[in-house]
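Each of the two complexes below includes chain A, the first together with chain B, the second together with chain C.
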Partner chain A sequence: MTAAPTTPTATDTTLEVENLKVDVLTEKGWATVVDGVSFGVARGETLGIVGESGSGKSVTCLAIAGLMPPGQTRVTADTLRLLEHDLTALSPKEMADIRGPKIAMIFQEPMSSLNPAFTVGDQIAEVLRRHEGLSRKESRKRAIELLDRVGVPSPARRALQYPFEFSGGMRQRVMIAIALACNPDVIVADEPTTALDVTVQAQILELLREIQEEHGMSVIFITHDLGVVADVCDRVLVMYAGQIVEGADLAELFADPQHPYMEGLLAAMPRMDNPSDALVSIPGHPPRVGDMPDGCRFHPRCGYATDACRTDSSPLLERVAPGHTTRCLRHPELTLRGSP
Partner chain B sequence: MLKFFLTRLATTIPVLILVTFVVFGLVLLIPGDPAVTIAGPDATVEQVAAVRVRLGLDRPMVVQYWDWITSAASGDLGTSLFTSRPVATSIGDGLPVTIALAATALLISLLIAIPTAIVSALRRGTWLDRVSTIGSSLGIALPSFWLGLMFVLLFSLTLGWLPATGYVPMSRNPGDWLLHIFLPALTLGIAGAAESARQLRGSIIGVLQQDYVRTARAKGLRGRMVIGKHVMKNASVPLVTVLGLQITALLGGAVLVEQIFGVPGLGQVAINAVTTRDIPVIQGVVLVAVVVAMGSNLLVDLTYGYLNPKVRPR
Partner chain C sequence: MSEPLLEVRDLEVTFSPRKRLFRERVNLRAVDGISFDLTEGETLGLVGESGCGKSTTARGLMRLVEPSGGSVKLEGRELLGLPQKELRTARRDIQMVFQDPYSSLDPSMLVRDSIGEPLDVHVKLGRTERVEKVAELLRRVGLPPEYMTRYPHEFSGGQRQRLTIARAIAADPKILVLDEAVSALDVSTQNQVIGLLEELSTEIGLTYLFIAHDLSVVRHISDRVAVMYLGQIVEHGDAKRVFDSPAHPYTQALLSAVPVPSPLTQRNRERIVLSGDPPDPSRVPPGCRFHTRCRYVMDICRTEVPLATPAIGSGEVACHLHTTGPRLGGSSVRTMGAGIPVRSSREVPA
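What follows is the complex of A and B.
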């Protein structure tokens, strides 16, 4: 994949997010689960979002696409721009018009993300009928072409089958066909391979890569597998407890991490070259929603934490190099270990 | 789908045969000797015996059964012991009325249940939801004869909108038919409506949590499509199971409702036959009722197969 510009200019940025904040209603009242997230995605770029479970990766993307349940969620942002659309100003109806042709999603659970009661052909075709106004016949024909494109064998026959007749990998191909149907400018892939076994995972990643090269769309790739990140991403955001704690180009992030959390994630990464190396994981747990520690949110688990980290207000996301940001008070004095 | 239909049809045949035994044997359970009843209170033993021979009641049970079942298969259900009318004719008069009543009741109950359930599920926890939940509980708890009387009081006697009793066949005047059938059908359907609404609300709420509903939204489908297509087709599966049970209850309830509103259906035929111990008529009515119930359950199974592709054989 080509190295994308790290600071995309307005014209080639397909998606621009500034100060995104998402609150959800819990039993104890409103709690912030995504706090001040800002980033841009360039055309043709693959942006990775990594972080432990519960760090707010999915919520960030669902909120951008207008898919958080209304009533139980509040989404605010200074900027939410997808191509020429200001998403903060759109009605739910107008958002629905955009989902499909402008931004499409692929979800983690291929087993449950397809409707068991309809044929896969119909589930692809209905997107085309909705957004491109195709007739039943035309949309069915296009659905078969799409199944063929994503590598489903004997697509004409398979289009008439139901999801339960497909394996996990094949279902994920169907999900990709649905996402691809209206040729979107941005595809959000939320842990698309987590539920699959390793060989199938490699095939699906390869398919996504091919499709991106063909269509030149932007991809936001959510995962907690740094191996997959290294494989597919151009640029990476690291999330912790609802905030971005580091952002950089892939190579720079791996070679020269600037946040202790990223150093910990890299150290915990299983290595091909040294499989006997015991798996080190970051000790402790991420803070619970609605129960954030004072100061830096990572300090209870951080080996470098000082009193300043514990008491000062939450550190800001600072630029350490062109296109490289971190949210750590001590970054100038620390030298962190990267991945070889 | 055709294969599914034929398989289901084949499995009903042994059940049907079993039912004919039961229906035939039913007569043995009815107290009293029909020959004595027919011959009259003053008849001598010889006269009663003559009646018995005339009716063929003296022959062995197996012969009587075979006789009955072969005639029934060709549409001859015998003649009434009292009116001497062919049983098939009486049933032919009553059955369409009862089917029309039950079908209208089912339709009304779904027309009430489906929108109520959708609104409740989508507006969960609001006053609308609470009102419909209370309404459902009442609909299930209140006896239908009481409801029927209340409806008559309100719509017929007080407001004068609808006739209190009587029946006009649809073929004679569809408008009048609807006026006459509406209150009985509403009375018959209300309990089912409440039960279906409660069941459907629960399953819609369950389905709304499913990942595939999120997928449907992520595709940009309009709310109408997400609910009407993706949610409802899945949420209807448990409803259809409930409907299968309700249909049998509807046929039973029809007997009562027909009495209240003076609707000349199969229920009237049945009640007259039972009070006079008119055995051929009782047998005929029960047999026909069972066949109708089995037919409608077959229909329910087919709907189930349509909704849930996994249960179809391939």
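What follows is the complex of A and C.
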């Protein structure tokens, strides 16, 4: 597995990202969709990335996993380190060797991530043969064990079935089994429960939690649902228009948000436990790709914006407390409302 | 109470799919004896897991699929069995908004014509009147009238949903059936569309059947709620009563599964994780349909179908806990939570 640790950071941080930038080719030329994202993930930690659709949260993770289509996209970073590997220096072939044993992905739509023409057992076994070098027989046996582990009933029989014979929740369990097959150090879960019913979502979140406790892997959990974040994450990054605008430990972020966007997201969540409040929304829309406003990117939608927010260059991500950063010019003077 | 605007009684919708090619057809009753009323100006929320028949109920009462039994009365007039031509005029009063605003607007039609189409069918206006009416509809849903000469692709998801709402209210319907109408939108956009729906209901007295799987949204918008499981309503009542004191174990489990966006509350609340998926609707379990996943299951639940009984506060519940004994007699199922293990609370990382 992992090479012997040389420095303390090599064991504590499984993934380190410094100044990640992703450009995509649009009709009007290159446009930046992820702009200077930096973060690290500790072993055993669940890092949440939240934001509205189009904020760049999925692209960030696809870029890290080397899954952005070359040609139409450009990925650059000062540091992109997964364990002992410098991902910026790897060829696509070398990257493919790492995906699976070191970093695995779980996507929102399990139906489109599974091949409809192969049995579920074959698809898990294929990963094991490719990366672990298991024989046909061994890989088949291990696939059944994995299905059993992720809570698929009668795994030996189910391994011989095709994806269409599985419900949405069961397909997502299969995806987790595939992600788990090579015992990765980092799992990226991109909205893994968004398409599921709340009852099934609860089962899947429970399963992910158990597996993480068993294997101690790092999990990056992308979601737009702050309820799910409150349930599973240890630390959270908030993304807006391709940038991280706030980052903090879970409890602190919810109790004491330091960016008006996070305050807005919290206020906008309809609450089952407190339904009488009128629903609040953040006015307007996120900016379009390639059409970023001057100054703070959030200013056109921000109730606290002043002239400085509109005209100065984009504010920097500043540290407000240990482990808590925000990208807001006015954070020292603002008292924002949280939801502890 | 005033006369209900819409009266649905014992509605049944049956499909007969083949399980495999060349095999015999099986009878699958997607909606199995649903009854409810809609009173003018109210919002009824219909909730349940996917596959429970909430959308089929909506399609059945609009006769987009033909029900196999029951009765649907709109202002006292029976809709089932009505000839197609008369159904068309009746449908003017019930309009529908679907989940995906990308597939429910014709990409090759100008907004003006998409919104104007129901007017052509039901109202028949002159050209200038039609343009004026479309402009008024756009203003009503919060969009500038100039947008009428644009195509759907020029709009965001939230704006498109406003367009489909404008189209739905074009012919002045009495009832809007909203089938997951805000589910595909970001929370902020979703709230704006809900705000619009609330405005419309107070301004023009619209009545809503609001179908959604997001219970927080349903709680916010609904006056009354009906909970469906495997084609039947297992509990209904005032939204406040159903959410605050659920009487059916399924409602309780469903509510406990919704994550609350507050780490302290979320990690310390009681949670019931239902095991497995809902059973196959072509092989409905005998007795209470929920007994295979119910943590309070008793012997009688496996054999006898529970009848609806009044729940304390409002509405009804169909569960043996309330009829045999009766142990709960209509009160909240939460009162008997003691003694049954729930997952322990977890620490919030500081």
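Just so we're on the same page, the second predicted complex is superposed on the first by the 327 of 340 C-alpha atoms of A that agree within 3 Å, B and C clash if a C-alpha of one lies under 4 Å from a C-alpha of the other, contacts with A are read in each partner's own complex, and residues count from 1 in each chain.
Note that in this section a residue touches a chain if its C-beta (ideal position, glycine included) is under 8 Å from a C-beta of that chain, and two chains touch if they have at least 3 such contacts.
Given the structure is predicted, the values throughout are model-derived calculations rather than measurements.
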Chain A as common anchor, with chain B and chain C clashing or fitting: fit
Touching partner for A:His85 - first (chain B), second (chain C), both, neither: neither
Contacts of A:Arg310 with chain B and chain C, given as first, second, both or neither: neither
First, second, both or neither for A:Lys141, with chain B first and chain C second: neither
Chain B versus chain C as contact partner of A:Ala117, first or second or both or neither: first
Partner chain in contact with A:Phe107 - chain B first, chain C second, else both or neither: first
Per-residue contact with chain A, leading partner among chain C and chain B: C
Which superposed partner A:Leu265 touches (first chain B, second chain C, both, neither): second
Partner chain in contact with A:Arg149 - chain B first, chain C second, else both or neither: neither
Chain B, chain C and vertex chain A (Cα centres) - angle in steps of 10°: 80
Chain B versus chain C as contact partner of A:Glu252, first or second or both or neither: second
First, second, both or neither for A:Glu52, with chain B first and chain C second: second
Minimum C-alpha spacing, chains overlaid - chain B and chain C, in Å: 5
Contact set on chain A toward chain B in their complex: 65, 67, 93, 96-101, 104-105, 107, 109, 112-118, 126-127, 130-131, 162, 164, 175, 178
Complex contact set, residues of chain A against chain C: 52-53, 153, 167-170, 197-203, 206, 224-231, 234-235, 249-252, 254, 264-266, 268-273, 275, 279-282, 285, 339-340
Complex contact set, residues of chain C against chain A: 49-50, 156, 158, 186-192, 194-195, 213-217, 219-220, 243, 253-255, 257-267, 271, 273-277, 348-350
Chain B residues within the chain A interface of the complex: 210-212, 214-223, 225, 229-230, 233-234, 307-310
